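Alright, structures below, take your time with them.
There are two complexes below, and they share chain A, which is joined by chain B in the first and by chain C in the second.
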Partner chain A sequence: MADHTLPIPGAITAAPSRGAALLEWLHGWVVTVDHKRLGILYVVYAIFFLLVAGAEALAMRIQLAIPGNHFVGPETYNELFTMHGTTMVFLVGMPILFGFANYLVPLMVGARDMAFPRLNAFSFWLTAFGGLLLYFSFIGGFGLYGMGNAPDVGWFAYAPLTAKAFSPGHNTDYWALSLIVMGFGTLGTAINIIATTLSMRCRGMTLFRMPLFVWLMLVVSGLTLITITPLTAAQIMLLIDRYVGGHFFDTQSGGSAVVWIHFFWIFGHPEVYVLVMPAFGIASEIIPVFSRKAIFGYPAMVAASVGIAFVSLGVWAHHMFTVGMTSVGNAFFVLSTMMVGIPTGIKIFNWLATMWGGKIRFATPMLFATGFLFQFLIAGLTGIMLSVAPWDWQLHNSYFVIAHFHYVLVGGIVFCIFAAIYYWYPKATGRMLSETLGHWHFWLFLIGFHITFDTMHLVGILGMPRSIYTYEADRGWNTLNMIISAGGMIQGIAVLIFAWNLIDSFLHGKEAGNDPWDAWTLEWSTPSPPPAYNFGADPVVRSRRPLWDLKHPNDPDWKYEQ
Partner chain B sequence: MTTESQPGDRQTATIQMPAPTAWPIILAFGCTLAAAGLVTSAGISILGGVFMLAGSIGWFRQVLPHEQHEEISVAVQPVAIASARALVDRIRLSPEHRARLPVETYPVVSGIKGGIAGGIAMIGPALLYGLIAQHSIWYPVNLLGGAGVAHWQNPTTAEIAAFHWQSLFIAIVIHSFTCVLVGLLYGAMLPMLPRHPILLGGVLAPVLWTGILHSFMGIINPALADRISWSWFLVSQVAYGITAGIVVARQERVPTDQSLPFAARMGIEAPGMMHSRADAGPSRDKDKP
Partner chain C sequence: MQPGRRLCLFRSRLCALCLPCLCAVPALAQGPQATPSILAPASTPAHEIYNLSLFVLLITGSIFAVVAGLLAYVVVRFRARGPDAEHEPPQIYGSTQVELAWTVIPVLIVVVLFLTTARIIFAIQDAPEPKSALDVTVIGHQFWWEFRYPKLNIVTANELHIPASTRGAPEPTYLHLLSADVDHSFWVPQLAGKTDLIPNHPNEMWLDPRAPGLYVGQCAQFCGVEHAKMLIRVYVDTPQQFDSWAENQQRLAVDDSAALAGREVFESQACVNCHTIVGTPAHGTFGPDLTHLMSRATIGAGAAANTPENLHAWIEDPGTFKPGALMPAMQLSNQQVNELVAYLSTLH
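And then the complex of A and B:
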C-alpha cells in the first residue's frame, strides 16, 4: 500500500462539542469563588427549595381543606410540617438573604470580591450539602414508621419528643446533623460579610455613607454569630443525648426539657430578626429609588437596626409563657418584647416619610415593598398582642400564632425577597423581568396571602391548634379551612407565574442596561451583569448616593450630608 | 463617586482576582459525608474524612506560600450614568405643616385635673346603673374590681351586688390610675385635634373606644362581657370624655418648645438667645470699641 500524504487546506479548529461546553460551564460554577456567582447559586438554591416548601405547604392545606380528610396520613403530615418549617427557615430564608448579601455587599461598598473568597465558596457548599443531607432523609431516614422517614418532630424539635424513646431510628439525627452542617456554612458567610464591610470599603465610603442594606447585613451577620452558636451547641448536646447516653434534655435522669426550649428560642427568636432585617435593608433600598427621594432619617434607621438586634436578644422566652415561668420572668419578657415595637416603629415611620411627597412609581419591586410595609405593620401589631402573656396563654400553639408568624415571614420577608428579585434581577442577568407577569404575580400573591393568613387568625381565635393533621366536622372550622386552602392555591399559582417569569425573561427579556431603575448605589454603575472584577477603576464616593451625585452634578448630596 | 481619574486609582489592563478552585467544595463535601456517616455507616464518615483531608491540603496549597490569582483582562464596557429626570424638585414646607405640631399646649397638671374631674363624673352614671338595674351601687364597683376578690369563682349576681372591701380597693386603684392616664392623654391630644376638640375627644373617642372594647370583650373575658350593660357603659365614658375635655380646655395654655429657635430647642447656649446671668459680668460686645 502506497503511503500518501494529503495536503490539508488550513488549520482545523475543532469546536468543543455541546457536552464538553456544558461540562466546562458547569465546572466554572463549581469551582467559582466569585461572590456574584456564589450569590446567584445561593438564590437559585433557595428558590428551588421555596418551590419544594411551597409544595409541602399546599399538601398540608389540601389535607386540612375538609374535615376528616385522608389525603395524607398523620405520620406524613408530621413530616410535612417539620420539613416545611425547617426548609423555609434554613434552606430558603437564610440562603436567599445571604445570597443577596453575597452578590450585593461587595458591589455596594465598591469592593472587587468578599474578604475571604474561598471561605465564601466553602460556606455556600456547606449550606447546599446540608440541605441535600436533610432531604436525603426522605429516602435514607429510618424512623418510627420504618424506612424513608423524614424528620417529624417539628421545626423546633422540642424535647423530650426528640429522645430516642420517642424518636427511634435516625430521622431526627438527619435534622440535627444537617442543621449543624448548614450552621457552619452560615457562620462562615457571616464572618465574611463582617470582614468585607469593615475592611474592604472603597475610598470615601465611611460607615455612615454605606447603603442601608449593607448596614443591615452587618448587623444581621453579628446577630448570626451570636445566635447560631447556641443552636449548634444544642444540636450537639441532642446528639450526645441520643448517641452516647447524655442526659441534657432527659427529665427522668436529671436533665431538663425546658433547657432545650431555652436554647432553641435563644436562637429562634433572634433568627426571626436575622431573616427580617435583610428584608428591611431591601425595603430601604427600593422605597427611596421608587419614591425618588433619599431615605428619611438615615442615622435613625441605622440606630433602629442596631437597637432591634440588641433588644431581639432579650425576648426569647415570650415563646415560653405557657411553660410556667415566674411572674417576674413573664413581666420581663412581656416588656422586652413590646420594646421591639419602638425601633421597628421608627423604621415604618421613616419608610412612610420617605414615600411622603415623593414621585412614587409602582413598578413591581415597589408594589412588593409597599405590600411588605402594610403587612409587616399588621404582623407587628399581632406580635404585640401575643407578647401579652395572658393573651398568649389563650392562643399559644393555635393557628393565630401560625397566622402571626406567616404574616412576618411571608407578608414581610417573602414579599421583600420578591421585591429584591424584581429589583436586582436585571443587574444579575442583564434582562428585565416582565412587568406584566410581575403585576399578575404580585396581585395574585397578595390576594392569596390575605385570603389565607387573614382567615387563619380567625380559625386560631376559634381554637384550632397547630400541627393537627385533621379535625372533626363539628368544630366550626370547616368553611374557614376551605377558604385558607383556596388562598394557598392562589399563592401557588402566583409563584408558578413568578418561576415562569424568571425563566422566560432570562431567555427573551428586554435588555436591562446598567441602570434600569435610575438608582443611586454603586452596583448600578457597573455593566449588567457586572464583570468578574466589578469595577474597572476603584470607585470613590462622597455621599450616600454616589450615582445621584454623578447624575445631578449641580445638586449633589455631599453638599448637604453632615 | 467621581469619574475623574484620581491619584491612587488603579486603571490597569488586567486585574488580579482570586483563582477559581475546587478545594472548598471538596472540603464541604467531606464535612457533609463525615456527618452523614453518623446516620449511615462508618465507611461514609471515613470517606468524608479523606475528602476533608484532601480538601484542606489543597486549600492550604492554594494560599500558601502565596495566594493563587488569575489575571483578568479589563474589558472596556460603556456604562451610562445619567438620569432622565434631570430636574430636582424640592418639597416646599408651608406653615400648614407646622400647624400639626402645636406651638401651645396644656400643662401636664391640666391633664391630671381633667382626668380626676372626668373620673368623678363617670361615677354618677355607673352608680345610677347599679341602682336601677341591680338595686346596688356595689354592682359596677365589683365588675371593675372583682379581680381583687380572690375566692371568687363564677360569682352569682347577688354576690356581685354585695359590698366587698377588697373589690372596692382594687376598683378605686384601677379607676384612679386609668382616669389620670387618660386625662394626661387628653391634655396632650386636644391641642392637636384640628377642630371641635370637645366633640372629637369627648364624644367620638369614647364611642370608638366603647365599640372596640365591645368587640373584643367577648373574647378576652366572656363572663364580664355578659354582665356589662354597654349602653350605660357608653354613657359613663361620654360623661368622662366631655367633663375631662371641658376641664382641660379651660386651662391656660403654655408655649411648647416648638416656638423656640432651633438652637434653643437643642439646648445650645448662644449669645442673644437667652438672658445673661446676673453674675456673668459685662457683655463682651459692649467692651468692643
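And then the complex of A and C:
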C-alpha cells in the first residue's frame, strides 16, 4: 500500500541540527499517545505543582509562625489556602496517581498500551490545561483594581460565599471552570483504566491474578466515575447562579447553602478514597517485594478495597455534623463512617502479616512504605475520633482536622508517592535514584512531618480554628505555631533534596537493569526504560507473581495460591 | 551498623510519641484562662463531649499501642541481616482463621463506639428546653456577631452575657443561630461544640456554664476576608451581675450634653445608615448596635481593646485593625473624629 512505503536508508543523510533535534524531541512528547510517556508527563506535571503548592504552604506557615504577623495580608492568605488545597487535590494528587496508573497498569497486565491511547492523551491535556486555567487566575481573574486575583473561597467553596454578591470578579469562575475541565480529563482516564483492566489483560491474567495495584486502580476508576459527576454538576449549577440568574445556592433568593455542602462532600469524601486507594495499591506492591514474601490474604485485600469504595459513598455527611442535621441523621453517619475502619483495619493487618516472617530490606522505597503504615494507622485512629459526632462538634474545622487529613494526604499518600517514585523511577528512566540522598530525604521528611502535624493536633485541641490568617497572642498557641512552621521548613528542605535527587540521578545515576529490586510483577520483565511496545512477545502468566514462578521453577506460586 | 540503625528507627518512633506530650507543657503554661481548650470544659455539653472523648481516646490509644507495637516488633525482628539474606523466607499466602479474627474484633469495637456515641448525640442534641431557659438569637454577619435577647428586649454585639446556671436553679441559655449573609460557626470550646449559622437554615444550641468568668472563642467556618477577626467573648455572670447588666442594656442611650457636637457628627454622617443608638434617630442594622458601646471590652469583634485611642484609629480607618472590615473609612476630619470619640465614650 502506498501509505506504508518504507523509508530508503540511504536517503536520510543530513543529521538534523541541534535546534531541530530539540524541537523534534519536544514534538514527540506533545503528540505522544504512548501510555508510558503520558504517565511520565502526568508525574512531572504533578511534581511541578507539588513544589508550587508546597511553597504556598510555607508562605502560610511563615505568616502563622507568630501572632499578628504581617507577612501576607488576609486577602493573600485566603488565596494561598484556597490554591494550596485545590492544587494539592486536583493538580498533584489526582494527576500523579493517574500518572502511575497510566504508566503501570498496561505493563502490569501485560498489555502494549491503554485501551484508548488517543483518549488518554486527550485526558492528560485536558487536565494540564485545567491546571493552567486555575493558575492563570493569578493574572487573569481581575479583582476590584483590575489586578490578578486568585480564588479565595476555600477549596470547599461553601455557598453563598461564592455568590456574585460576596465574590465579585472572576476568581471564583476560574476555580469552577478549571475544576470542570479537569473533571472531564479525569473521567476520560477513569474510563480508559477500566477498559484496559477489563479487556487488555494478557493470557492467563485472570482478574484474581492481577497485581493489587491494578485492582485498586480499577476500583478507584469506578469510584471516580461516580464522584466526579456531582462535583461537575455542582460547578455548573454555581455558574448558572452566577451568570444566568439561577438560585440553586443563592440564599438571598431562597436558595440552599446546605445543598452545596451535600454536593461538595458527596464528591469530596469519596475523593479522599480516590486519592488514598492508589496509595494502598503502591504499598501492596512494595511491601511484599521488600519483605520477600507474597502479599498476605490477597482475596481479603481485594474485598476490603471494594468494601471501602462502597462504604465511602455513604459517609459524606460526617463533614456536616455541625450543619444542624437531626440526631438520627448524625447517628447514621457516625455508624457508616466508623464502618470504614473495618476494611481499612483488615488492610493494615494484612500488610503487617506480609512483613511478619519476612526478610525486610530497608531500601528507600520500603522506608517510605513503613512510614506510610505507621502514619496511616494514626490517621485512621484520629479519623475514628472525628467520626464521633459530639467530639467532632468540637474538633470540626479546627487544626485537629487539618492535622488529621494531612496525616492521610501527606503521611499516607505522599509517603506512598515517594515510595513509588523511588521504586519505579529505575523502570521509567533506566537509572537508580541515589540511596544516600534518598535516606536524607526520608529522615528529614519524616522528622519534619511529625514536628508539624503531630503538633497541629494539639493546637486544634486548644481551640485554634482553620482558615484564619492570624490569631490573638494570648491564646496559648504561639509556641506550638512556631514549632509547626519550623517543621514545615524541614519538610521543604527534604523535598528540595528529593527534587535534586530526581535530576542528578537522571544524569549520573547507577544503571538499573531490568529488575533492580528482584521483584515479581510483569513490568520488571521488560528492559528499563521499556520499549514503546512494552513486551517483545505477549506474556503468559499462571499466578499473581509471574516473575517469582520464573525465578523459582521448583517452588512456583501457582501450586499454592488459593 | 545494623543495631545502630535499628536503634535510630526506634528512637524516631519514640520521638513521634513523646513530642506531642512535650509540646503540650509550654502551651498549658501560657495561661489556661485565655486558652479556649476543649480539655477544660465548663458547661454540660462540653463536659459530656470531654468525657466521651476520654473514652474514645482510651480505645483508640489501646489500638494504637497494639498495632504500632506489632509494627515496631516486625521492623526490628524481621529485617534482613547476615549472609543468609540470599535465601527467600517461607511464603505464606494467607490464613482464614487469622483474617476472620481481625475482622470480627474491629466489628465489636465499632459496635461499642457507636452505641456510646449515639447516647451522647441524643443527650445533647435532643435535650428539651426548660421553661427557665434564656433565649438568645445569634445572627452572624461579615465579620461580627449580633446578639438579641427577645424576652429582655436587648440587642448587643460580639460580647455575649449569660447567667451562670446552678444545679439548684438551672438557667441554661438556648442560642438560636441565624445568618445575615454567609455561613459562620459559633464556637466557644469550653462551653459547647460548634454549630453553624447558615442563611435560610436556623440552628440551635445550648450552654449551661456553672462558673462565672470570661470564655473566648471565634467563628469556625470560613466566611470571607476577616474570618480570623470574628472573635466571640462570652461573659458568664452571676445572676445578680447579669440582672444589673441587663438593666443597663435596657436603658436608652445616655444623652450627655457635653458630647452634643459628636452626636451631631454621628447623626449627620452615614453612621446612622448602619448603626443603631436607641433613643436617637440612628436605626441602621448593618453594623453593631452602639447603644451601650462602652459596656463592651473590645471593638471590631475583638480586633482591638475598647479604648479612646483605638476608637479614634478605628473610625479613621477600620483597616488599621481589620483590613477587609465592611465599615468604610469615612474621611472625617481629625476634629470630627475627636468629637465622635467623645460622644461614643459617653455610651455606657
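The rule is simple: the second predicted complex is superposed on the first by the 545 of 562 C-alpha atoms of A that agree within 3 Å, B and C clash if a C-alpha of one lies under 4 Å from a C-alpha of the other, contacts with A are read in each partner's own complex, and residues count from 1 in each chain.
Note that a residue touches a chain if its C-beta (ideal position, glycine included) is under 8 Å from a C-beta of that chain, and two chains touch if they have at least 3 such contacts.
Everything numeric in this text was worked out from a predicted model, so none of it was measured.
Residue contacts after overlaying the shared chain place A:497 against neither chain B nor chain C.
Residue contacts after overlaying the shared chain place A:180 against chain B, while chain C stays out of touching range.
When the shared chain is aligned, no partner comes close enough to touch A:287: not chain B, not chain C.
In the superposition on chain A, A:272 makes contact with neither chain B nor chain C. Between chain B and chain C, it is C that contacts the larger number of residues in chain A.
Chain A residues in contact with chain B (one complex) as well as with chain C (other complex) are 292, 357, 391, 461, 552, 555. By the touch criterion stated above, chain C contacts chain A in their complex at residues 5, 12-13, 15-16, 19-20, 23-24, 26-28, 30-32, 34-39, 46, 48-49, 52-53, 56-57, 60, 63-64, 67-68, 70-71, 74-75, 78-80, 85, 88-95, 98-99, 102-103, 106-107, 110, 113-114, 117-118, 120-122, 124-126, 142, 177, 181-183, 185, 187, 189, 192-196, 198-201, 203-204, 216-229, 231, 302, 323-324.
The touching residues of chain A, counted against chain B in their complex, run 28, 30-34, 112-113, 117-119, 121-122, 125-126, 128-130, 132-133, 136, 140-141, 170, 173-174, 177-178, 180-181, 184-185, 203-204, 239, 243, 292, 357, 391, 461, 513-515, 518, 522, 524-527, 531-533, 536-542, 546-547, 549-552, 555. Looking at the complex, you find that chain A touches chain C at residues 73-75, 78, 152-154, 158, 160-161, 166, 251-252, 254-258, 291-294, 296-300, 322-324, 327, 330-331, 334-335, 338-339, 341-342, 345-346, 348-350, 352-353, 355-362, 370, 373-374, 377-378, 381-382, 384-385, 387-398, 443, 446-447, 450-451, 454-455, 457-459, 461-463, 465-472, 474-480, 483, 552, 555, 557, 560-562. Chain contact summary for the complex, chain B toward chain A: residues 1-3, 5-6, 8-11, 15, 17-25, 27-29, 31-32, 35-36, 38-40, 59, 62-63, 72, 74-77, 79-86, 88, 91, 219-220.
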